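In the two assemblies presented below, chain A is common to both, partnered first by chain B and then by chain C.
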Partner chain A sequence: MSEEVKVPVKAAKTEVSPGVQALRDVVENVYAEAREAKKRGELVGWSSSKFPCELAEAFGLHVVYPENQAAGIAANRDGEVMCQAAEDLGYDNDICGYARISLAYAAGKRAAKKLDSATGQYVIDPNSGKPLKDDSGKIVIDTVTGKPKKDPKTMKPFTVVDDLNEIAKLPEGEEKERRTAALKSYRQMVMPQPDFVLCCNNICNCMTKWYENIARMHNIPLIMIDIPYNNTVEVENANIEYIRCQFEDAIKKLEEISGRKFDEERFEKACANANRTAKAWLKVCDFLQYKPAPMSGFDLFNHMADVVTARGKVQAADAFELLATELEEKVKTGGSTLPFPEKYRIMFEGIPCWPKLPDLFKPLKENGVNVTAVVYAPAFGFVYNGLDEMVRAYCKAPNSVCIEQGVAWREGICRDNKVDGVLVHYNRSCKPWSGYMAEMQRRFTKDLGVPCAGFDGDQADPRNFNAAQYETRVQGLVEAMEVNKKVREGGK
Partner chain B sequence: MSTKYTLGIDIGSTASKCIILKDGKEIIGKSLIDVGAGTSGPQRAIDEVLRDAGKTLDDMTYILATGYGRNALMNLACKQMSELSCHAKGAAFLFHNVHTVIDIGGQDVKVLHIENGVMVNFQMNDKCAAGTGRFLDVMARVLEVKVADLAKLGAMSTHRVAISSTCTVFAESEVISQLSMGTDKCDIIEGIHHSIANRVTGLVRRVGVLPDIVMTGGVAQNFGVVKALEEELGQKIHTSPLTQYVGALGAALLAYQETIEE
Partner chain C sequence: METIINEFKEIAANPKKQLAMYKKQGKKIIGVLPYYAPEELVFAAGMVPFGVWGSNNKNISRAKEYCATFYCTIAQLSLEMLLDGSLDDLSGIITPTICDTLRPMSQNIRVAMGDKMPVIFLAHPQNRATSYGLKFSVNQYTNVKKELEKITGKEITDADILESIKIYNASRKARREFVKLASEHCDVIKPTVRSAVLKAAFFMLKDEYTAKLEELNQKLAALPICKWHGKKIVTSGIIYDNPVLLAALEDNDIAIAADDVAYESRAFRIDAPEDIDPMMALAKQFANIDCDVLLYDAESAKNNRGEFVAKMVKDSGAKGLILFMQQFCDPEEMEYPYLKKALEAAHIPHIKIGIDQQMHDFGQAKTAIQAFAESL
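Let's look at the complex of A and B:
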């Protein structure tokens, strides 16, 4: 399953470069324009992350991305309640966390601030909030409990799940107003419901059933592009033919849905934009080859949001090109967005645990570990010329290629980006991705001669992650990298 | 050169262990308290090891903490390291030709690949606690026997039964159903030992079965599990009477190394 997130609202308050701000704005606009379009009565589609976006762009249709949305909801700490809401609807907790969040959302479930029905006030979570500091910046200790007091201004209400459909049925009045006001209002929690869905199973197979369920729930058209799993590194010609026919079928269906004819010129323009975006994205990723790197590899996870939601738009290409220029300057001046000195360089394999980003980042920061390689660079940086090459490019996603291709992608980027070790996220949401990781890990150690550590987690469901276990594994990896470094430096 | 005393503290999930070393060679004190992180165990273990060695904290040149509770000792220890490196160091001190360490602790299993006495790679169990010391605790409770007696009871088995569930909770119900069928406890226990061995073997094979293999951690005291692992891996497994102290020993050794490097 693929990636992407514009991380929490707070991030917007920090000062960022014009390039990063432009990338944030691109994603914000995709969602804002979709909301506006919905209000005007226009159609809005939901799409899987590696569906050929060029097709919908050719019709000028507004499309939003549930994977990006789910990652954002998870990063905003609402993944658990939304996953539970899906489980309450009958979806098994073994199903992908993104799928559960998205299915709950599609069913009208929304994260909301907990209300006291008697008073209409929000019920504050006593465990939330930051420690209270006095005028001199010292933490204030509660004399009764001996623990730091909480700053009331930073305390937040408990989060619960509410139901849009239930709220809609309420008579106009106080309760309806209160419950509507209590709904979380960040961007990912206010995505318009779909009028059609676009599903391509190159990114994962769970996607097929996930989108079928949404289509059935809303009684809307599903356009499916089936990408056969690639058992060989080269894509079979028969598969190209099979997929090209599906593209043609998808175009016909989109003509029916939109009531418009396929606009060849617009399609060509979207393809050109997608190629420009891909080239600029690869250029940005390549800056991680510098030692020290001019950015944190975690930034790439954030920028993936643009690759997923807007790669066919000229604004995404412009923003990535701007960021590349900024990074070029940073390399010249020796600057970096990494908030600590880079001591070790690793590949982070898999999607981050979005609900636990601070826990994920903490031991890396403490040990001077920068993520300088992620598989998204080769997996989403695809450049093509003509329809057949485009089809071929869409055949290749992290979960649709054979292990030889997967290893080659990763080992290539590990060598280019000079990593000292590999940290593998055994992502409980993603069975295909985690399933082949044990063998990949074995090959990384053998072929690259670097230590690898694996940890359990989940891209969206925090119940599958344990910070203490993760910290021990990171510290073990750091200690093994230290030994390797000493051996390389002549056993000093 | 004056004598250097180093203290290694290993605060695990179920026990607290300490070792004091003299000049990185001689163990002059050790302690073990059967409760771990978040309890009174760490302080009691520290007090006891100092008493055992006849020393005070001021006599210590360097203190290094390891184990899940290591970060709670920030104010006392000069440095914290993972139990992975500490077990590797401790095992290499006790067995010079070690290449693989299997550490089965209270809540996790670690397999370490050692070269020239230091850890170069490792594997750990996933989040599930099956195959760990906690698994044996649960099974012993259901069987109404002491954990310490499991090995000798298992040795009396004549017709070992298969305990196939990997989940501790499901394995518990599997054991209960065997008991209700009247299966001999010894046969169930031997099945449990092999169940642990099966689970651990998978991790060992991921790292590579490289002799000499040393088993550390509390579960290594159970010779039934050690024997089952030897059968599964087809290799001799070395253990030490100090098995529970290996992490603390490694910490004390690494502490000594720090004093030299300093």
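Let's look at the complex of A and C:
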């Protein structure tokens, strides 16, 4: 059983609370278990983030999540080279950055440290690294250039893309060894290749062709759960019936793939875990209602990884519950993980630009802006009872619902979490998400009386983000919030 | 023949005039956005289905209030026309949601139209050929039917639908026939003409259209098959009805042997059965469409669509393929690498030309077409 496999986890670099550490370990374990399983010759599947994970859990199948992987690769600053690698394979740069990264990866492309073929040494990027500090902690200036000197220990090689298939074809020897050793080894870059794929297009339609492409590359089975787009807040019974039949078909196909019978009991357990995780996730998210909040909403973006990769596992539920207890304590003592005093509270709309997290955070920090609402809270916190309700829950993904539902989710958390403004990410990668944001912005302003600002960016491809534009927009939002605040205070 | 061709040309170039004409006749007209809406139901309701696939003669301005720039111009310009009054004569519009652009666009259109006109939502199933997929299609089409009935105030009977299916099947057959004849007589049916004839179908009642097209087909069939000294290619993509692009093909003696284009053959490859329940027949018609960038391929591990297109090129006697890639169209873009793979495996040369409906500079496209023609 996947839950019983214990895999040692690397020590975390920075000091974090046990709850946060537990959440990190859960995700680390999902990847580690998949790697171990692959080594033992067991099957590993790739799944879209809102495929009903309860189904694969019922078979004890190992599943990893390309969207989470792509976000991780992007956050590790390898999004651009991987996107470029996909473009070299013929995938247009208009395509979702996650899809491009994933398709490049599926094709065997890997980020690697750049090697000097003559010397066998890594080629160091002169722009990398942190400034060198002397014993008193002062930055050392290079007398020749007048610029700060770099600490050689923190400097890194250039990143290039290598190809596993090419490496495999090399004769045994030095080159093969060197190139293998140069491949980056963080968990998302050593995720096992798939033996089957699980696709659910409730997130987007792009997913359908993305997974078909992977199935073709590896000649492997694909299970497709199609969730038709919804035009009403209520999901019609016809949709439920259509999707339920697909769940049943998926179970049959999983029986074929795994060679095992569907285990009702395990399924129930996975459902129970998923419900517990969802409840605990919502509980954690709800701590952002406190003023000031005991954490930064950006933390939720990181914890999303657990909701995506492990919501059917008991460990994820445990970890979220632990975090909730910690936050409760923080609220009592008045502490917060937010590294600055909270002056304004906003909803951050959309997926963050993973490669640019520090750039996103910087002007928010400077202006005392805490993100206290993200749509992921209601959009991933599904509690259900029984198969039909489970089907209904999977109909409600961020991009499969009508505008009224989308607005209701967002305005609900904006009210509950008392936001002063909304910052909207017009995400080049995500057409269905960004496609009705302009209208949503108008509604937020009308219904909530809060200012909104939009900026252009991308969840994975750093080339589509402009830090200067972002800062200006944040500035504009802060000014508008300031005006609102004064009006409110003046009115009192 | 000249007269019929000119009529088609006139209609294809002036959809607005058609709209006004039908309106004047007292008919109700229903806009139909891409893709695969069961137009048969509109016809069965006694209304005029009217294709709305953007425009080559408009600028995006009002639509900007709803949508960012990274969406295909087809969707943006369709919204633009709904906003700027060009489509005020419509009595309703059907919004399918089969791609990621059309999903949010269906919402924008519903919001933007408000009380102006009914917006009829349609979500097709991707697992469409299974028994439950068919049932879901029937359910969705029944919703469409009900909405149409509200507009006309009349019930659409099974007999009406069956009659409409027959007319549509005949129309699809005539268009398939025309595509073949256009290749055999590519000296007469140049790319511009071919495009106009197929485009006119989107703005005409199908019985009227088919009668005219059958007449043209007859006349073409009577001509001796032409000895073409230029190049023959297959076209692929969503739409390539821009006159400048079509002229560029003609200028380089390129004839079209067949197409894998959404606005052309992909729209009429498959007929509906005439011997079963008519709503189910429409569901089956949709379910039987395959090898399409927009539709899930149940045999995912195979490269069915790529190979299908490569075979089409071979079977049609074409020497190469031009892919008109609609900018920001991710379904087309996602399928390109495997189309390329299949074409290369079959030793079929191809080029990919990026286009959109707001194109002003055709220099690059023209050069690419010329170079490609010379290389064939």
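In this text, the second predicted complex is superposed on the first by the 478 of 492 C-alpha atoms of A that agree within 3 Å, B and C clash if a C-alpha of one lies under 4 Å from a C-alpha of the other, contacts with A are read in each partner's own complex, and residues count from 1 in each chain.
Following the convention adopted for this analysis, a contact is a pair of C-beta atoms (placed from the backbone, for glycine too) under 8 Å apart; a residue touches a chain by one contact, two chains touch by 3 or more.
Note that this is a predicted model, so its numbers are computed, not measured.
Peer 1: So, A:252: does it touch chain B (first), chain C (second), both, or neither?
Peer 2: Touch status of A:252: no partner.
Peer 1: What is the contact status of A:479 with respect to chain B (first) and chain C (second): first, second, both, or neither?
Peer 2: After superposing on A, A:479 lies in contact with chain B but is clear of chain C.
Peer 1: Check whether A:453 is in contact with chain B, with chain C, with both or with neither, and answer first, second, both or neither.
Peer 2: first
Peer 1: I'd like to know which partner A:466 touches here: chain B for first, chain C for second, both or neither.
Peer 2: first
Peer 1: Quick check on the superposed pair: does A:426 touch chain B, chain C, both, or neither? Answer first, second, both or neither.
Peer 2: both
Peer 1: What is the contact status of A:205 with respect to chain B (first) and chain C (second): first, second, both, or neither?
Peer 2: After superposition on chain A, A:205 lies in contact with chain C alone.
Peer 1: Contact-wise, after the overlay, does A:230 reach chain B, chain C, both or neither (first, second, both, neither)?
Peer 2: second
Peer 1: In the overlay, answer first, second, both or neither for which of chain B and chain C A:435 touches.
Peer 2: The second partner, chain C, only.
Peer 1: Check whether A:445 is in contact with chain B, with chain C, with both or with neither, and answer first, second, both or neither.
Peer 2: Touch status of A:445: first partner only.
Peer 1: Which chain makes contact with more of the residues of chain A, chain B or else chain C?
Peer 2: Chain A has more residues touched by C than by the other partner.
Peer 1: Show which residues of chain A both chain B and chain C reach, each in its own complex.
Peer 2: Touching chain B and chain C on chain A: residues 426, 438, 456.
Peer 1: Could you pull out which chain B residues touch chain A in their complex?
Peer 2: 68, 80-85, 108, 118-124, 126-127, 206
Peer 1: Mind pulling up the chain A residues that touch chain C in the complex?
Peer 2: Checking each residue of chain A against chain C gives 89-92, 94-96, 99, 201, 204-206, 208-213, 215-216, 218-222, 224, 226, 228-231, 236, 238-239, 241-242, 245-246, 249, 399, 402-403, 426, 428, 431-439, 456.
Peer 1: Provide the residue numbers of chain C that touch chain A in the complex, in ascending order.
Peer 2: So the residues of chain C in touch with chain A come to 65-68, 70-71, 97-101, 103-108, 110-111, 121, 123-127, 130-133, 135-136, 139-140, 293, 296-298, 300-303, 325, 327-331, 333-338, 340.
Peer 1: Within their complex, state which residues of chain A touch chain B.
Peer 2: Listed in rising order, the residues of chain A that touch chain B are 426, 438, 441-442, 445, 451-454, 456, 464, 466, 468-469, 472-473, 475-476, 479-480, 483-484.
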